[in-house]
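Two complexes are shown next, each including chain A; its partner changes from chain B in the first to chain C in the second.
Take a look at the complex of A and B:
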């Protein structure tokens, strides 16, 4: 599977993220070499919260709500519509399941979707690179929470071997964007450290993408808060 | 230059006269055996025209060399020669074009006749994408002999089959006797190898096995596999299904290799090797075709991503990725250069040059110092895809720094350039 790197938009101190910035970024991509627009994409990230059970039964069995994992994420990736990914950040676990597991969760009612976020936008093709510019919006609202980009290099599947190419691409992209003088910049979070912790290897897989989204949302939220 | 134009019109008139009677009797009115016979005959003619074109090209080159060597003498003679060859070549090219069109229409090049309903169980001869011809015509013998006994039918089929084989694969003639017995082939090859090494000391005419062993030492990261021609087609189509578990097919190869007697490098017996695969894990896969099989004469090369799989993965195929397409294009030029410089060393030079691409995604351009740049004319982001080949053979005789083989250039010494950067060099 081709290697993919995610980056998120970090606004400068005091600046906010807006749809104007998103439009400017898209414009920049469209003028970048021979980039052609290919279509739309959407990835959905869900924060799950454990459902509080009947308190009496809890007391009887001695289990407490603290046993149930917090920080439980679910991801539906745009390039894997038949799969659904679960991440437990605290325990460093990642799991791939079939897409209809969501129906199962609805029936079981053991977890409730606390927050649902959509990453969506346009997809562009630039030679051997595939670029996706996306905004992060909550499912029920229209407020823009953040901007991010996916960069995919099709000929390579090894993270290590593609590192230099991706770093170079990032530099070229930064240079191109700098001409627009936008109040902020894109940042790649170095994903390599994370992958090993979760038991993922050098060969790129959808699990890697899921993990990058999880990291991305954490960073986006941190950026918004500060 | 009136003569060439007259020649063209003459050639066109000739093919025109040739065409109508043929096309009038096309496949719609003919029974399958006649179609198959026509197809086989056309393939034979095509082979002959191709041979004529090759000879004509040789003659043209000869005439040019003659003109270059002795510019004063006999210029008019060389001009006459060249003009004659030119008209002959045009005629051949037109013939070939017409034949090609007929073959295409009758479904030989695409194998489409197989899927048609009423074909009496006969198959058209199939020309594989990489040029190998698979003749199925022996089946027509069976259809005609429906009443004969099983033994007779088998005998006739075998006779027809060996006839076809002798006709289309003449270089496989001698292996008929030792068919299936790899041990004999190996002994034969080894004896041959030792005789050659005794005879030639200074000018080591290396065997395929030696070249590959040498390569293995120089480039430990590159995996080398050899195949017979049809075996490679099978492997190519397996590649796409093996994408999920990259380790398995390689493991199979290694197991297979350890079972064969000649060591870790070869899988196919050296005298039947027609395809060499060089794999640098996670970087690229390169396919080199040898012609004839078992020789050290490369005739095509192509590069692909390690993830790619499918029937188009062969020495004359093109990758879906831009970066590998450009590398392949450049490799064609390098191959022609190596062949022109020294025919006996060309395979060794080519393979070393291919292996230098293991730094394709890490070595910056020797001119601009960057790895990835936007190529203005192509509007693509590419790493340096052009690797210098013109220096490779020049360093053979003057190599003093390298402590390994004196015949090879160390990969670090081979310069890499972006497409735009190399255009400004040399």
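Take a look at the complex of A and C:
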């Protein structure tokens, strides 16, 4: 599977994210020579929280994470509709399952999908790169929670071998974006340490993507808080 | 959703059952060696207590994992009238760290079994699967190599067929019809309704074995 990097939009201090910024970022991509728009994409991230038999217990509030996880993530990736990924960050655990495992979780009635977020936008092809620019929005609202990008380098599936070319692409992208004088910039999480913590290796897999989304949402939430 | 019936057969008659199924099915049997781990929700987890089964298929060169949830069976007058159990089942293939995942969610190991046997799959009005297995328990946690039979001399026969809300009656009929072929060797009924072994089994088995020339398939 081709290697991918996710980056998220980090607004400057005091600035906020807006649809206008997203539009400008899309314009930037379209301004690259040879970039072609290929259609829409959507990845869905779900926060699962425990359901307690006794509502007064700590399990429901998540104040006792030693007992039960306060929450965990479920991910339906746009390019793997047949699969679903669970991520337990506290346990450094990622589980891949078939997509219908979501139905099984519903049947168990032990954890409930409390918050559902969509990452969605347009997909572009630029030579050997596939770019996806997207916004993060709650499933039941239009409130913009953040802006992010997927950069996929189609010829390589080794993270290490593609590192240099991805870094070069990122530098060019930042230079291009800087000309717009937007109130923020894209940040790459360096998730290599995370990958190894979760038992993932150099050959890129959908699990790497799921984990990057987990990191991305954590970064977006941190950006909103700050 | 699936239609299911179960029965038991003495191990000494399993070879005859295999000959009968081979004749009915035409396709070769599949070997079953499944490590089944039954997990139950810990105290206070979930709106209601829940149970999930992790199945590790050890018959494959690389073991593969499936998580299975068996839901409530269909109730009411309609359900009473049909001779098979109709119940909801959700199965999903999962990675090999599924046990760690469910432990982390607060599920506890209730019991584990090693099921050894064979299966036949075929189309007879519906895609029918018949499994014949012995249940084996382990003296130590996960020690599948040391498993010993839970009920020596007795094996479980289960017939299942996938169904949907709009066709379960047809599927139930197909399963019931198929059960009639096996009637001389064993009785099949809804899970939990014990019908024991049938008195004609020994004679039927002897007949099947003599007709097949005593060849082991």
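List of remarks:
In this section, the second predicted complex is superposed on the first by the 212 of 226 C-alpha atoms of A that agree within 3 Å, B and C clash if a C-alpha of one lies under 4 Å from a C-alpha of the other, contacts with A are read in each partner's own complex, and residues count from 1 in each chain.
Here is the rule we go by: contacts are C-beta pairs under 8 Å (C-beta built on N, C-alpha and C of every residue); 3 or more make two chains touch, one makes a residue touch a chain.
All figures in this text were calculated on a predicted structure; none of them were measured in a lab.
Within the superposed three-chain model, A:169 lies in touch with chain B and out of touch with chain C [touch as defined at top]. When the shared chain is aligned, no partner comes close enough to touch A:139: not chain B, not chain C. One of chain B and chain C touches more residues of chain A, and that partner is C.
With both structures placed on the common chain, the touch criterion links A:86 to chain C but leaves chain B unconnected.
When the two structures are aligned on the shared chain, A:203 is found in touch with chain B, with no touch to chain C. Once the two complexes are overlaid on the shared chain, A:127 sits against chain B while remaining clear of chain C. Once the two complexes are laid over each other on the shared chain, residue contacts for A:98 go to chain C alone; chain B is not touched. Once the two complexes are overlaid on the shared chain, A:107 sits against chain C while remaining clear of chain B. By the document's definition of touching, of the two partners only chain B reaches A:158; chain C does not.
Of the two partner chains placed by superposition, A:27 touches none, neither chain B nor chain C.
On chain A, the surface touched by chain B in one complex and the surface touched by chain C in the other have no residue in common. Chain C makes touch with chain A in their complex at residues 41-42, 44-48, 50, 52, 67, 69, 71, 88, 90-95, 97-98, 100-101, 104-107.
Contact residues on chain B toward chain A in their complex (touch as defined above): 246, 281-283, 305-307, 321-324, 361-362, 370-374, 378-383. Across the complex, chain C is touched by residues 50-54, 57, 59, 67-69, 72, 86, 88, 90-91, 93-98, 100-101, 103-104, 107-111, 199 of chain A.
Touching chain B in their complex are the following residues of chain A: 1-2, 33-34, 126-129, 154-158, 160-162, 164-165, 168-169, 172, 202-203.
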